[in-house]
Amino acid sequence: MSNTIGILFRVTTFGESHGPAVGAIVDGCPSRLPLDASDIQPQLDRRRPGQSGLTTSRSEADQVRILSGVEQGLTLGSPIALVVDNADGRPADYEAIRTIPRPSHADLTYRLKYGLTAASGGGRASARETVGRVAAGAVAGKFLAAKYSVQIVAWVSAVGECDAPDLTGETMTRDQVDANAVRCPHAPSARKMTALIEGAKKDGDSVGGVITCVCRHVPPGWGEPVFDKLSALLAHAMLSIPAAKGFEIGAGFAGARGRGSEQNDVFVLKEGRLGTRTNRSGGIQGGISNGEPLVFRVAFKPAATIAREQETADYKGQTVKLRSQGRHDPCVLPRAVPIVEAMAALVLADCAMQHAECRMQN
Amino acid sequence: MSNTIGILFRVTTFGESHGPAVGAIVDGCPSRLPLDASDIQPQLDRRRPGQSGLTTSRSEADQVRILSGVEQGLTLGSPIALVVDNADGRPADYEAIRTIPRPSHADLTYRLKYGLTAASGGGRASARETVGRVAAGAVAGKFLAAKYSVQIVAWVSAVGECDAPDLTGETMTRDQVDANAVRCPHAPSARKMTALIEGAKKDGDSVGGVITCVCRHVPPGWGEPVFDKLSALLAHAMLSIPAAKGFEIGAGFAGARGRGSEQNDVFVLKEGRLGTRTNRSGGIQGGISNGEPLVFRVAFKPAATIAREQETADYKGQTVKLRSQGRHDPCVLPRAVPIVEAMAALVLADCAMQHAECRMQN
Amino acid sequence: MSNTIGILFRVTTFGESHGPAVGAIVDGCPSRLPLDASDIQPQLDRRRPGQSGLTTSRSEADQVRILSGVEQGLTLGSPIALVVDNADGRPADYEAIRTIPRPSHADLTYRLKYGLTAASGGGRASARETVGRVAAGAVAGKFLAAKYSVQIVAWVSAVGECDAPDLTGETMTRDQVDANAVRCPHAPSARKMTALIEGAKKDGDSVGGVITCVCRHVPPGWGEPVFDKLSALLAHAMLSIPAAKGFEIGAGFAGARGRGSEQNDVFVLKEGRLGTRTNRSGGIQGGISNGEPLVFRVAFKPAATIAREQETADYKGQTVKLRSQGRHDPCVLPRAVPIVEAMAALVLADCAMQHAECRMQN
Amino acid sequence: MSNTIGILFRVTTFGESHGPAVGAIVDGCPSRLPLDASDIQPQLDRRRPGQSGLTTSRSEADQVRILSGVEQGLTLGSPIALVVDNADGRPADYEAIRTIPRPSHADLTYRLKYGLTAASGGGRASARETVGRVAAGAVAGKFLAAKYSVQIVAWVSAVGECDAPDLTGETMTRDQVDANAVRCPHAPSARKMTALIEGAKKDGDSVGGVITCVCRHVPPGWGEPVFDKLSALLAHAMLSIPAAKGFEIGAGFAGARGRGSEQNDVFVLKEGRLGTRTNRSGGIQGGISNGEPLVFRVAFKPAATIAREQETADYKGQTVKLRSQGRHDPCVLPRAVPIVEAMAALVLADCAMQHAECRMQN
């Protein structure tokens, strides 16, 4: 279902980049969860445009309002409607794209599908759509933390040609991630990444990268065999983020180059439970969580909208030169960190709830 | 939903590796599609164990029977029940794993989730579960070919450290792919891959790899914005295949290293329609097909079950040495080719049907 | 899914009776449908409290705002967020029910399920929840009228012991239905019904009744065999309306008393198509529309909240006397007419979209 | 979804009346439930044709085979495939209906929807489709009994003009219901009903009726507010049964004639919990079970296929006289009793599982 994700913990987002508001309905959240706007706002602030020199200059306070589902600081078990007003829409910036589809953006495919063009071109293909995801993901994250102590932390692990060292073994926190504007907790790498992004910005260009995400304290047993493997649900959720082009879990593509005897995670006793000595599986075996941390990586292409001139074709097929106006991020990665966390939380909250009734007692 | 995939074109698979039968129900296939077992059997034959020296020696004819949904060679619009009997089950081979979970297999996670252990250990985590997928995928493939001329062709593009050159620009056919047992249509690479697999087999070991898949003639407009982007649905479907650990579309992880000005697919007039000069997007922009071929890659880890001795722990946590019995593939890649094609077909058939009503006429 | 209905044309409602707002997200509506608030407001006005002496005195303007999914008077194909602010909430009226659950209301069952009590007692069990349904149903109705010329008209056919004569053969319009406050288009019956409602009101009591609904110009072929028969979907939708306790289609319960030879609808040629001489099937055979008008009836119990004293028990089980405060309808039927129409429209819009791809051409 | 019901406890049925087999896949049943064919066969035997002189003479042993999901007498948590072979199909009986659609049957609507005609006319609209429902319902019933002690008992409460007295207050058992062939546990009424059915049979006619169903020991809290009220799910499930035309819960249509002060179920202390003095609500308030027995009634029209001559039209619109061949029930009610019980069990099992996670602890 296009604008809904989840079976029991279900989220529906709405809103165009240049309409009155964006938001989400969270349906299926258990009752009696303590919740108010202060649980949601911090993640929206991390996603907010204009938070640093590395991001778009669009100015949005992105204050969330809770219209339903919460009374006196507790969830009611009913749908939680979350709304964020759009303040700084500038549809006029998109006049040019009425005649020229932006290369590698969704302007053309939306027009082919829907037979029209929204004020912002690709309608819901704006990064602004992710406001609803982040707000809803914060609710899911609160539920996961309160009931299961699940911790979800993502960071930028590559920008362009710069790869940070593997930090998945460390107990990274969101505060550590936020120590710099690029959201890479390895300071020397962060400096190089910042330079790459600033270089791209100066050239009117954009640059891609990779986000790594770790989910700790996920109980064993989550995820469904066959089609809804936990890894498959995460892949689905991550590839649904604008500009995401790749996903790998555990050893991923690199692990495919090895042999079973090197890649297998053998078992050892760990604090009274059966754990694995290594975690090349990324916390999932046979699609089901095994109690080790989930570890996955998401590749983002460089943002499609660039100020630099491109020779392309207009809707009539005539060759034209395009310089995109509008305010855009030279690198979406720093702001995508809370989006990755939100999508992980939505997947895990739904898995938690689906898992509850999978067996008779004992 | 654990054993079902799709919203309108829905497939539910069933069956354990060592029970009486495996199969699938295809629900939602349009009526009046010409269909009989000969449309399904060829793909099952490509997936069948024992087809070459590179695969497991388990012997299964895997003849499909159609129990419903088809009369006189035409689909009725009702559920198509597809059943394949298990002939060569050997639950006795799995006695050892009753006390020792296989490393990186699903034995432990299934036990943690379901509180018991199936004859084959990880229950539905057997490659045999994919019989139903391949049978159902063949029905989807027939529908896509008949109505839209969609062609889906996958091949092995890497085994271990051996990468075949990029062949996505060529008009590969399944016959060309089947020219050798490893299913890599680049003969020199195929020879190296064969040697790598035979080497692993000799060592009682296994080896991983990558499958590339191309879907041609996908009409523009398929896929849903936001959560059910076509790329997200493909990622979901591919990561649901046993042993899959990574997915990338178009330029994928490599593209994340570049700049927008290099990675963008600018538009050009192509046979009267607006096409892209390059296809780094892999045929999808904003989650919606753009009329170019879909191109994606799936990473498979080396098979977890190996004959070689592993030092691991049993269910009680005691260190033991395990040599897996049973008949297993040293490399799952050649047999996974029709599985990847099947999953792609299931996703596309469902997208085709969901797309039908997305706009008022004109 | 608790607060969502529909598979392709999907509606999610939100909002408590005494929170900031109520509303709905309509997802899946095709693009390019002409739509603005004036398409929605008339049905909200028919549902609005305070519209006549027969309804609750709660005063709500119920002006709908469209937050997304529409630009320049056309739907975009993206989610349509519809919001109506609550103006006249009076949570204080519900102080008594914090200790005493209202008989036959949802106060107790919500507390048993959710472990708490909303300001309005039964949380979402307020008639105010139906604002979102009516707004969303108006969008569905616009789609059905624009694309298929479907007409949906409901009216009050019984109040208490007063049954209006069968009017299903006539070409009733909403204007005719609205000729009187009770919304029964048979004037002599309307007068009797009005007297019954006023009598109940005077006694601090409530009275039940029946609504009949006719859907004309529904194309043949809508509805799915087996579980999602059109009749089953309508029954589901109607029984989901607060206070609904019965549903029958065509001859319904009365037809169950007859013989096949009397009840069968034999075929005749009608304007070039095969029609039925009678319509005891209510327009549906085998769960699929046959081109005749859909005709069904919905029974509503008398409203549970009454001013008259009831001897009941409080949450501790002690016998108490309860006189409900708050502003309530002595008879929900007149205001339920647009709700029945809305639910019928939601079902039909979804069926229309699901039907599109059920067969290969010809 | 046409051939699937349920969200967590999901059942998909398949099979045509005159194809090789019919059956169902039960997906989502918890693991470790004791289950074998003997749990399923008794309900199939109650549904089986040819069990008495009141039913069709078609001879089917209807022996169920379990193809998957169960090992050593315990469910695995994987899909349970249930298959029943068709033995006594006689497609030749349906030659006449290739040119003449049976009045009030699904022959015409299936042709209009699917563009062809199955061997049995209305394809899946045969009572034989319900084999899968009854088999799956038996699994659900076992789960409900084992985990919650839920008891589901239905009986024939009306045939034609003969109404049995209200027996819902008694602790009826299936054995008592089966004391006579008509399955009405009130002997004097059963005799009258038998005479009515035999009279209709002699006349080549059919007769309708009503089934009452009681579900005892349903825990409070089941059912979802708003669209998936327990009453709405039951209505959906019941109206999906072939020939069902009406549903009412508790006081139903009769209760709509009363006043709130008479109809309300006031609360009393019952064995330490808050219960209701009366049960006009039928065990459901605000869509959620309240701990009282569920009580509902389903109206069935007389079977459409009758031997008696009917003047109708053929597919070309020409007036013809039709006498249906084939073997059919003069009254579907006795065999529909286990079908009603099955559908109730499927709804309740799904509600039980959805309910599990609706609130944080306490």
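Points worth noting:
Order of writing sets the chain letters: A, B, C and D. Residues in each chain are counted from 1.
One rule holds in what follows: a contact is a pair of C-beta atoms (placed from the backbone, for glycine too) under 8 Å apart; a residue touches a chain by one contact, two chains touch by 3 or more.
As the structure is a computational prediction, the values presented were derived from the model and not from experiment.
Taking each chain's centre as the mean of its CA atoms, A is the chain most distant from chain D.
Per-chain CA centroids place chain B at a distance of 39 Å from chain D.
If you average the CA atoms of chain C and of chain D, the two centres end up 26 Å from each other.
The distance from the centre of chain A to the centre of chain D, each centre being the mean of the chain's C-alpha atoms, comes to 45 Å. Counting partner chains per residue, chain D shows two or more touched chains at residues 1-4, 7, 13, 31-32, 77-78, 113-115, 123-124, 225, 358-360, 362. The touch graph of the protein chains shown is complete.
Residues 7-8, 30-33, 77-78, 146-147, 225, 352-354, 356-360, 362 of chain D are the ones that touch chain A when the two sit in their complex. Of all residues in chain A, those touching chain C in their complex are 1-4, 7, 10, 12-16, 19-23, 25, 27-28, 31-32, 65, 67-69, 71, 74, 76-81, 83, 113-116, 118-119, 123-124. For chain B in complex with chain A, the residues that touch the partner chain are 1-5, 7, 13, 101, 103-106, 108-110, 112-115, 122-125, 129, 158, 160-161, 200, 203, 205-210, 220-221, 224-229, 231-240, 242, 244-253, 255-269, 274, 276, 280-282, 284-291, 299-306, 308, 310-313, 315, 317-319, 355, 358-360, 362.
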